[in-house]
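Below, each structure is written out as structure tokens.
Next come two complexes built around chain A: one with chain B, the other with chain C.
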Partner chain A sequence: MIRRPQALVLLLGIAVASAAAVGALTTTNARPAPGATALHVAAGLSFIGVGVVVWSREPANRTGLLTAAVGLAWFVTDVRYLPSSVAFTVADLVGAPLAYAVLAHLAVAFPSGRLRSRSERAVVVIAYGWLILENLAQDVFWAPADSRCDCVRNLIVVHRDAHLHGIVGNVQQAINVVLAFVVLRIVLDHWSKATPPGRRALAPVFWASGPILLAVIALQAVGAFGSLKGLDAALAYLTPLALMSLPFGFLAGFVHSRLSHLAVGHLVIELGGAPPRGRLRDTLARALGDPSLMVAYWMPDFRAYVDTDGRRVDLPTEQNQRAATFIERAGEPVAALLHDPSLKNDPWLIDAVAAAAGLALENERLHADISAQLKEVRASRARIVEASDAERRRLERDLHDGAQQRLVSLSLALRLAGDQLGNAPEPLVRETLNAAADQLRLAIAELRELASGIHPAILTEAGLGPALQSVAERAPLPVALTVPTDRLPRPVEAAAYFVVCEAVANICKHADAHSATVSARRLDGRLLVEVADDGVGGADPSHGSGLRGLADRVAALNGRIDVVSPPGQGTRIVVTIPCG
Partner chain B sequence: MTPTVLIVDDHEDFRAFARRLLEAGGLKVVGEAGDAASALSAAQDLGPQLIVLDIKLPDAEGLDIARQLGETSARPAVVLVSSRDAGDYGARIEQSGARGFIPKAELSAARLLALLGMCL
Partner chain C sequence: MRVVVADDSVLLREGLVRLLSEAGFTVTGQAGDPDTLLRSVRTERPDVAIIDIRMPPTYTTEGLEAALAIRAEDPNIGVLVLSQHIETHYAMQLVASGATGVGYLLKDRVADIAEFIDAIRRVGSGRSVIDPLVVSKLVERPREQSPLVTLSQRERDVLSLIAEGRSNHAICERLFLSPKTVEAHVRNIFSKLGIEEATDDNRRVLSVLAYLRA
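Right after this comes the complex of A and B.
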């Protein structure tokens, strides 16, 4: 829909274009060919028309306004046809250059309509300043010599000098060419840094910059060297044609963007067919034409965005050249689409995709939420086991360093007392001392057992291999042992050790076995522990809390315990724990 | 000649009782050390024939410095002691280069000398 200011610009443009056409066709002074006039009017009108359309669709984007402004400026040169010296002077001073200055502004600011850096702002300011003032220096030495009409004159001529006028003109043309190359350089720079969707957006300016540059250089060459085999006459046709490549490029881009909007229709159909979980990103990336698209889901519990695996996602900042579109349902954040910033140039597309994908994103979000919570629960369970192991190690160490040391010293003191008693004839005292020493020895042994049950020092000190060796040595039946020689992560060693202890204790108590085998080895990043016996079998792992409690400990490390115990064929317990 | 002994343990009480017990048993305790660093310098300076070495020291493992102590000037025999069981250390005691292991509660001059095949 065309709004009021855009409609006014359009009407103004048509009026100006018509006036220019009438002026050119009716002038008595250097009347241009009708074909050239038609192209001249068409070029200006194409900028105004396309500019108004773009401006109506995206009022916040200055590209449309700038495009229309190029068209309006294009016709300023035609005020020369008015029978007024002021109009003639203004037309000659700012006519053609103004259109080129706005064109340079448009090319540098395309496609967002905003200038990206201080240097770009400087180039645009210089372009306006220079192109408006450049004729000033020339015009002070020039008056229309071949005018057959005395009614108009150059009002600012100071000293009529064709030679000086020519020199100033040559300098001016050289600077114009340099300026054109600077603008081209900026356009090429944008192009080289752009992502594929960004290049799609830049394409009209990129492809039009070649013909327009050639036209500008040819115009300056004609200005500097005079007409070259009718080149100036040809340029009256070619220049408008070259300029028109830009609005028609916009038009092509517009049609392309309309075509890409059809992708939203496909998206709705695909989403209706419920794409497999985890494929939503690919589907949306296709609809938006942005392979770099990332989808982040809002986790209300964590007040953060995460990806489908539950990992935290940082939202784009000014620096990392990404943009985010936030999707809400019923006023609650659901997800953020992290995409190429150039997609912001087509807000309709991204809004339509976001609207179509709302429900599917909500489903994915719930899934991501559960994944994140599960991840957190798993991590927390692993932390609890780790903390309990650390606490057990601390208790064992405290017993060792505290009570055990004191009892040991006491034991030495008692023996010293016995020695000091020598052969003194107090048998009762010696007997008491011996009894005390025996009790103390038992207390020390029991304390050692207790400490070892809490967390065996050998597991901390020497690792799983030696610890299992000591289990096998203490067992009342022969145990064939295969153990790893290297150290494993502490929680893995502890879980494996306690499972083997429990399994061996069960064999001794219930299996009626003659022998057992214990093997622990690394296999494909996991620790594989097997405890087998030749006993009566028929063990039910759901009975008794020993193995069940250990199954929780193993599960906390993402491992598992399997018990195979057919009656009469022994029992086999297999534990697998990931160990990096 | 009376064998000379250096006692290395971070518990002062234990060192005091062990000194009196070993001296009562006929050995000559020439020095005490509370950590690995002072044990190494005492072994070098005092040249004991025997070193009673606790496995857990604040700055090092007795298991790790036994060999080094045994190579000091007087080539002393190193005997490891601990309030834990030998089983808690597995093969590491044999690999340490020490002559043997005695649980602390059972420490006596006779056990030490028997371990070293010596007698007074």
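Right after this comes the complex of A and C.
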């Protein structure tokens, strides 16, 4: 699994670590304790090792490389064991600070390896710049006093002045502490904004930041105030230990995420058992450890993603803190998983889940596709009914305000003309005029019936109750009526009205009934209409287009018509329409 | 008698105005919408307002609402509502608004000039006028086990005329009966139907209509 560059880094790291160990153990110059040396080497190696492992697993993520870089930088300080003034100068100038600069970079960029904002980039650049250059100011005043040989010396000393060297050092230590707190602040900020999966990913840096910060503060304190009862000796042990908490925490998180990959195995088994429709999301959410997961399905007809109910889904944007993974089969989009962005840090997991769920998602997509189309068809059917109702209302109004008004005016004019003739000697003309007026009255009455049949004005004006009352009053058989007093949505009223009209007309034509009952009432957000008669029964609802056409109208409102008509026991028609 | 005419059709309104003027009415105002009507009624205080039920802006029941508003402001002004469709629902709303001086007629009735003018006069003198079509629809409606079936044909005729808002005197004239006979019929009808006989003709209309509609 380990690729070439990673292998090189690993070998380089081991070589550098060994050299550092040998250097520390053989130096004649302020030799550290062997235990401290061992911890020092272990700390650097742990960064390199963990870094290489992570880097080889996720080469695109810079975190692994940065982790390894911390380890390598950690050993730069050890070149001072080389018997060379150049090496000594470089070690003192950039040695220890470089490792902390890379560490700050890692902490800020964790876990994606990318810096999130301009200010974070600025902090990292300042950390590199400051930590590499900080010793420069100090070193121009300083020459190592404790050299036991004159073989190495500080090459950039300009003016030997222990006092100035001390003052510059104190300023430096104060800035180091401030810088450490700035980095801590960024880490805490990331933590507070993170989602639960995001916090899982951030955990190694979050938990290591405390010990490392303490170590940094202690180091600066020792630099400023001297040994402090052997603290400096203790720090030679404690600092590497504090630093090591980061790679080991990282490793633990990595092992945990490997374990979560086992969930993909469970997922494959679960999907094999064909989860019930609609439960796929839950199954995938479990496998990904992301309860907020949403699954969106690609609808080729609409060129959009929808959820299982066929509603349109907006894909994540930069703002809404979501990420999308797109799933394709045979080059065609199938679905998108909308998940927590932190899952992008583990692309293997999300890819594996996506691959395992492909077929099940395709299946679910087809269901979602059908739901979406059904929804569209339902909506268009409702629109057609609504449009035809509007057209009927318009026709009725046109007849009323146009033809009927004119005919009434005309009949009035005819009567007036007849009256004006008075007792003139043309009784025939007068009779003709009256006959014309009578004809006109019949025409007006017929037109009234026609207009009312197209769409009764009272239904629009006063609602279902008065409109059904009117139907009952016109019916040629006794109709017992129960109606709602409140208004209902217009399409619901129209559907209920026309069903009752058709049912009453059928009773008169076919049922041979003595009486009928019509009841309309609201029940649990639905309108329940019942038309029953005491006639011969045996009605076959599949015959006759009247009620069938109305069944379509009712279905357009997600309602239904049931006809119960046993021979000899009357007919009962029950209509239920949801009405909010 | 002073009248105000409200109808959004200019043609029909002018025809009405001519008819009414020739019949000896003083047309003190004309309106094509409810607001103009209400203003005109307030300033002119006519005996009767003749109102088309459908008027702007929605052309549904603005006329009816205006009529009820006039009744609420001044019960002494009679309102006669004309409608292209006959609906007992609206007739009841009018009659229930105070029962004196209200009328509800099918619009075509304007061509029955004598009847129409009689109706305006009756409304103007504080009586009620209900379109015969409303009444016949209610009286002839099929019923189960109703005391109505026990009425004789003559009694039914009398009942219809009562429901149309006619006085006993008018019923005598219509049916060529003596006042005593009519009174006897009326008593019989009310006792058969089990309605308390109202002394006032307009209350009588309301109770009979309510009975027929139940």
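Assume the second predicted complex is superposed on the first by the 580 of 580 C-alpha atoms of A that agree within 3 Å, B and C clash if a C-alpha of one lies under 4 Å from a C-alpha of the other, contacts with A are read in each partner's own complex, and residues count from 1 in each chain.
One rule holds in what follows: a contact is a pair of C-beta atoms (placed from the backbone, for glycine too) under 8 Å apart; a residue touches a chain by one contact, two chains touch by 3 or more.
This structure is a prediction, so every number in the text was calculated from the model and none was measured.
A.B. asks: Return first, second, both or neither, reflecting whether A:S409 touches chain B, chain C, both chains, or no partner chain.
C.D. replies: The answer is both, since A:S409 touches chain B and chain C.
A.B. asks: Is it chain B or chain C that touches the larger share of residues in chain A?
C.D. replies: Per-residue touch count on chain A favours C.
A.B. asks: Could you tell me if A:R441 is touching chain B, chain C, both of them or neither one (first, second, both, neither)?
C.D. replies: both
A.B. asks: Just checking: does A:P478 make contact with chain B only, chain C only, both, or neither of them? Give me first, second, both or neither.
C.D. replies: second
A.B. asks: Which partner chains sit in contact with A:E461 here, chain B, chain C, both or neither? Use first/second/both/neither.
C.D. replies: Both: A:E461 reaches chain B and chain C.
A.B. asks: Need the overlap of the two footprints on chain A, from chain B and from chain C, as residue ranges.
C.D. replies: In the superposed arrangement, which is not itself an observed complex, chain A uses residues 400, 404-406, 408-409, 411-413, 415-416, 419, 440-441, 444, 448, 452, 456-458, 461-462, 466, 469-470, 473-474 for both chain B and chain C.
A.B. asks: What residues of chain C sit close enough to touch chain A in their complex?
C.D. replies: That would be residues 9, 11-12, 15-16, 18-19, 22, 54, 59-61, 84-85, 87-90, 107-108, 110-113, 137-138, 141-144, 213 of chain C.
A.B. asks: List the residues on chain A that touch chain B in their complex, please.
C.D. replies: Of all residues in chain A, those touching chain B are 400, 404-409, 411-413, 415-416, 419-420, 440-441, 444, 448, 452, 456-458, 461-462, 466-467, 469-470, 473-474.
A.B. asks: Under the stated contact criterion, what part of chain A meets chain C in this complex?
C.D. replies: Residues of chain A touching chain C: 397, 400-401, 404-406, 408-409, 411-416, 419, 437, 440-441, 444-445, 448, 451-452, 456-458, 460-462, 466, 469-470, 473-478, 514-515.
A.B. asks: Taking the complex as given, what residues does chain B use to touch chain A?
C.D. replies: Counting only chain B, the residues touching chain A are 11, 13-14, 17-18, 20-21, 24-25, 56, 83-85, 87-92, 104-105, 107-108.
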